[in-house]
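Shared between the two complexes below is subunit A, which has subunit B as its partner in the first and subunit C in the second.
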Partner chain A sequence: MSTFIELVINGVSAGAVYALIALGFVIIFKATEVVNFAHASLLLAGGFVTAVLHDDIGFLAALAAGIAAAAVLGVLVQVLVLRHARVEDQAVLAIVTIGIDIVLATELTRRIGTRVLSLGDPWQDKIVYVGGVGIAQTRIAALVVAAAIITAFLLAFRFTSWGVAMRAAAEDGETASLMGIRLSRVSLAAWAIAGGLAAVAALFLTVFPTPGLDRGTSFAAMKAFPAAILGGLDSTTGALVGGLLIGLTESLVTGYQGDLTFLGRGIGGVAPFLVMLIVLLVRPAGLFGTREMSRV
Partner chain B sequence: MSERRTSPRLIGPGRWWLVPVGFAVMLLPPFYLDAFWLQTGLFAMSAAIGAIGLNLLTGSTGQLSMGHAFFLAVGAYGYVYLASSPEDGMTGLGLPTPLAFLGAIVLAGVAGGAFSPIAGRLRGVYLGIASLALIFIGQHVLFNAESVTGGFNGRNVPPLEIFGFSFDDSPGVVVLNVPFGALERLWFLAVALLVPAAWIARGILRGRPGRAMNTIRDHEVAAAVMGVPVARYRAGVFVLSSMYAGAAGALLALAFRRTVPDYFGMFLALDYLAMIVIGGLGSVAGAVAGAVFVSVLPQLLTRFGDDLPMVAAPGSGGVSPAEAARILYGAAVVAVVLFLPRGLAGVWPMLRSAASRRRASRHLTPLEKEEQPA
Partner chain C sequence: MANGTLAVRNLSVTYGRAVRALHGVSLDVPAGSVTAVLGANGAGKSTLLRAISGTLPFHRGAVDAGSVRLGDRSLIGLHPATVVAAGVVQVPEGRRVFGRLSVEENLRAGALGAPSRSEAAKAHGRVLELFPVLAERARQRAGLLSGGEQQMLAIGRALMACPSVLLLDEPTLGLAPLMAERIAETVREINLQGTAILLIEQNAALALELSSHAHVLEVGAVALHGPSSELAGSDEIRRRYLGVGEETDTEDDGEDAGKFVPPTLGRWTG
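Here is the complex of A and B:
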């Protein structure tokens, strides 16, 4: 039983981190209709900057620098490339971000090389025991921080004028622009926020029990794609639910791997994608996504 | 939809000379090139077959697929499984190799058909990410189904043998004083596969099905209203594109002589998307051009890396040729979408129309017209 509780807590914590990534993905999609396959690279960039700087300027400053770097990178992608792409087709825009991802990921993995970088977090591998259940401090920190950020974001999204502008732009870009909302600014904000969220997620993807930031980290970040998709690409609620679902699935399947040997080794990494396929079979637009209606 | 938009004419009137030139380009290399370039050419040709398939699906019908590498893997491992005889813990059917090759293509088609319940329901990017799942699931299966795939270490590929002629290094075949080893023989096999593959795809794109596919891409509802059976077309194109991938995979396996699961990962799937975008979405010639660009670039950089600035030997800490190639073609994808929306395949028609425009405008000024050579 205690194993189960442990797995659930770890799963929820991992899920909160996936939700952070998926949220950024969804924000970009809502604001600019671009599906950003370069998201994993933004994450890797943020993590890398944090990892390189933390020895010199301390953990918190390095984290802030990482967040800033990922945000700036996101903004650059929008300003330098996507703004100039006069393409209507979503698939082609998606492929453009794949091109960007290839460039960024290659350069970053080259710089990382075979090293495993620590991000210098203050929790390290300390473990807290609550009623006989051992939980790593990093997992608690991930859960608390992710929950706080997501809450803050959702509140801002609902109550600030910036949030209203954002939602209006997502709802109907043309009308919003006629109402005096600057769409270019909205999309820049979306990319910056998404980059920042990804950098925070990078921290929690690479702390204990994961050894650190290495070239495989972007693959871990890929699991946020099924999270965003199964929740519904245009739904922030969906991103949260999707993230938790993916985190829980992965944690439970990995934890009970011993009983699932007939599925082969390493099924934990594949389970999120299987769950996604099953959800999409039943609900092709994800759990909370808007179904495309076509009337003739 | 104009003829030119769907498929720029490959051989028009007055361009008959392209035919002998094309044959020379495709048939002469084995007599002159060394093993390194032959190998590169083989990869390029198998990639071209796969890219044509992906372009039918993504470029012409608008179905984003990030899972193309999975179907290549089905083709490659399908061939190995069907052709090998069972030995040391490995299973296999030991079929005659040409039959195994066809079987591999059919298997890939079946895999594509099996995915169609999902592919048929999803649109656009949802389909892209769902097909990304195929890559991860495929890798999992390849690593775990050891008796079929050989697991991490992969499996040897039995050479193809057609009517007693074996596509391997067996001695005794000398044509025009050039000893024909496996690579030379496989080169002709690849040409013999690529030409009909391109021909069939071009026929499909230019005919009624091609129009239907483009309409589905541009507006699905409009297509349905005009009487295109959208679901059937989408499923059909998915199967067809998987079969192209299967053929490409089986050919790759023959060229590699050993299949390893690592190769068929996400990078390969992204490479294929890069090929069709760089070459030109929705055009057969574009798919071939993109495939050649993406497969030859890393080899060029490897070969001539010493003479290039910025490219260092692998492991020395600088940018290795493979990395430089990836960065270059990633940037090429972005640049093509920004500046050449129709890809490399669009360059030639663009130059032609620019030239004819210039000529046309010159007709207006009689003075210049006199200067024109007759």
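Here is the complex of A and C:
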């Protein structure tokens, strides 16, 4: 039983981190209708900057630098590449982001090499015992921080002028511009926020029990894709539910792998994608998606 | 709110570098007046408003020649948000309220173009006074409102930006006669409060009644213009847009001669 509780808590914690990534993915899609396949590279870049700087300027400053770097990188992608691509079809832009991803990932992998970088987090591998259940401090930190950021984001999305502008622009760009909303600023804000969220997620993807940031980190980030897609690409609620679903699935399936040997080994890594496929078979637009998927 | 005349001169617009939608259109919307533009579908009415508001790029359109000025400021080539800031705000055809946002949030979206927070707060009070139903439905999703209420919301949303010139694209389209009359009264009321209005309408009777001057667009050019009372009395207008007058002795129906012409129902004349 205590194993089960442990797995659930770890799953929710991982899910919250996936939700951070998926949320960025969803706001970029809402603001620009571009499916951003370069998201994993933004995350890797944010994490890399934090890892390189933490020895010199301390953990918190390095984390802030990592967040800023990923945000700036996102803005640059929009300003330097996507804004100039004069194409009608957003699917073309999605392909462009694959190109950006390849370029960024190649450069970052070159710099990281075979190293496994620590991000210098203060939690290390300490474990807290609550009523016989052992939970890593990093998992608790991930859950608390991700929940706080997501709450703050959703409140801002709902109640601030920025949120209203964002949602109006997502619903009908032309009419939003007739209201005096600048669509270019809305997209820039979306890319910056998505980059920042990805950098925070990078931290929690690479702390204990993961050894650290290496070139495989972007693969871990890829698991947020099924989270965003199964939740519905244009739904912030969907990103949260999708993130939690993927986190829990992965944690439980990996945890009970011993009982699932008939499925072969390594089923934990495949499970998120299986869940996505099953959800899409039943609801092609995702759990909370509203638009037709042909938009993608 | 005194901002001068909205003056359109020799405006030509092309879509996709191929389809010419407006040829040399000129018209004036003097401060504080109501000017109407009549015309059939495809005559270029909405194109005219897109050119003024700066939303032609959304439709791959561009201004080829001519000018649009508010007072002594040119509006050509400006970003739509800059046009809004200059005081020219459009209520688009088909209302286009943000259906997934609440009524109150729609008004907030409109206020994003307001010159200041205090102006927006004043405008908010005015809008709710003009349309009390929007206060009752403040928290409802705009998509759940009736057509007439959505039109009120679309107008209210535009008023949040404190425009000196309001562009209305077919505000009574698809509304029941009673609701159309209410919208007409509101338009009159908004004008009395000092906002100039450029009214695009297919309902010619209503438009001529509300406006002081009117222009008739035909295939992208101004075919007729003059004081609305004169136009309302002219045979041409009565025959083509008001649906009254004889079908037999008109000058340009040579090819229709001898064909059966179905009787035209009179338009609602409020």
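General observations
Following the convention adopted for this analysis, the second predicted complex is superposed on the first by the 291 of 296 C-alpha atoms of A that agree within 3 Å, B and C clash if a C-alpha of one lies under 4 Å from a C-alpha of the other, contacts with A are read in each partner's own complex, and residues count from 1 in each chain.
Basically, contacts are C-beta pairs under 8 Å (C-beta built on N, C-alpha and C of every residue); 3 or more make two chains touch, one makes a residue touch a chain.
Owing to the predicted nature of the structure, the values given are computational and were not obtained by experimental measurement.
By the document's definition of touching, of the two partners only subunit B reaches A:I100; subunit C does not.
More subunit A residues lie in contact with B than with the other chain of the pair subunit B and subunit C. When the two complexes are overlaid on their common chain A, residue A:V164 makes contact with subunit C while staying clear of subunit B.
Shared-chain residue A:D172: touches subunit C; no touch with subunit B. Of the two partner chains, subunit B is the only one that A:I267 touches; subunit C does not reach it. Contacts of A:R110 after superposition on the shared chain: subunit B is touched, whereas subunit C is not.
In the overlay built on the shared chain, the residue A:G180 is in contact with subunit C alone; subunit B does not reach it. In the superposed model, A:A91 lies in contact with subunit B only, and not with subunit C. Note for the complex: subunit C touches subunit A at residues 53-55, 58, 79-81, 84-85, 89-90, 92, 96, 98-101, 105-106, 108-110, 112-114, 157-158, 161. Residues 35, 81, 84-87, 89-92, 94-96, 98-103, 106-107, 110, 113, 222, 225-226, 229, 233, 264-267, 269-270, 273-274, 276-277, 280-281, 284-286, 292, 294, 296 of subunit A touch subunit B in their complex. Within the complex formed with subunit A, the residues of subunit B that make contact are 58, 62, 64, 117-118, 121-126, 128-130, 132-133, 136-137, 140-141, 143-145, 220-221, 224-225, 266, 270, 273-274, 277, 281, 317, 319-320, 323, 326-327, 329-334, 337-338, 341.
Interface residues of subunit A facing subunit C in the complex, by the touch rule stated above, are 161, 164-165, 167-168, 171-182.
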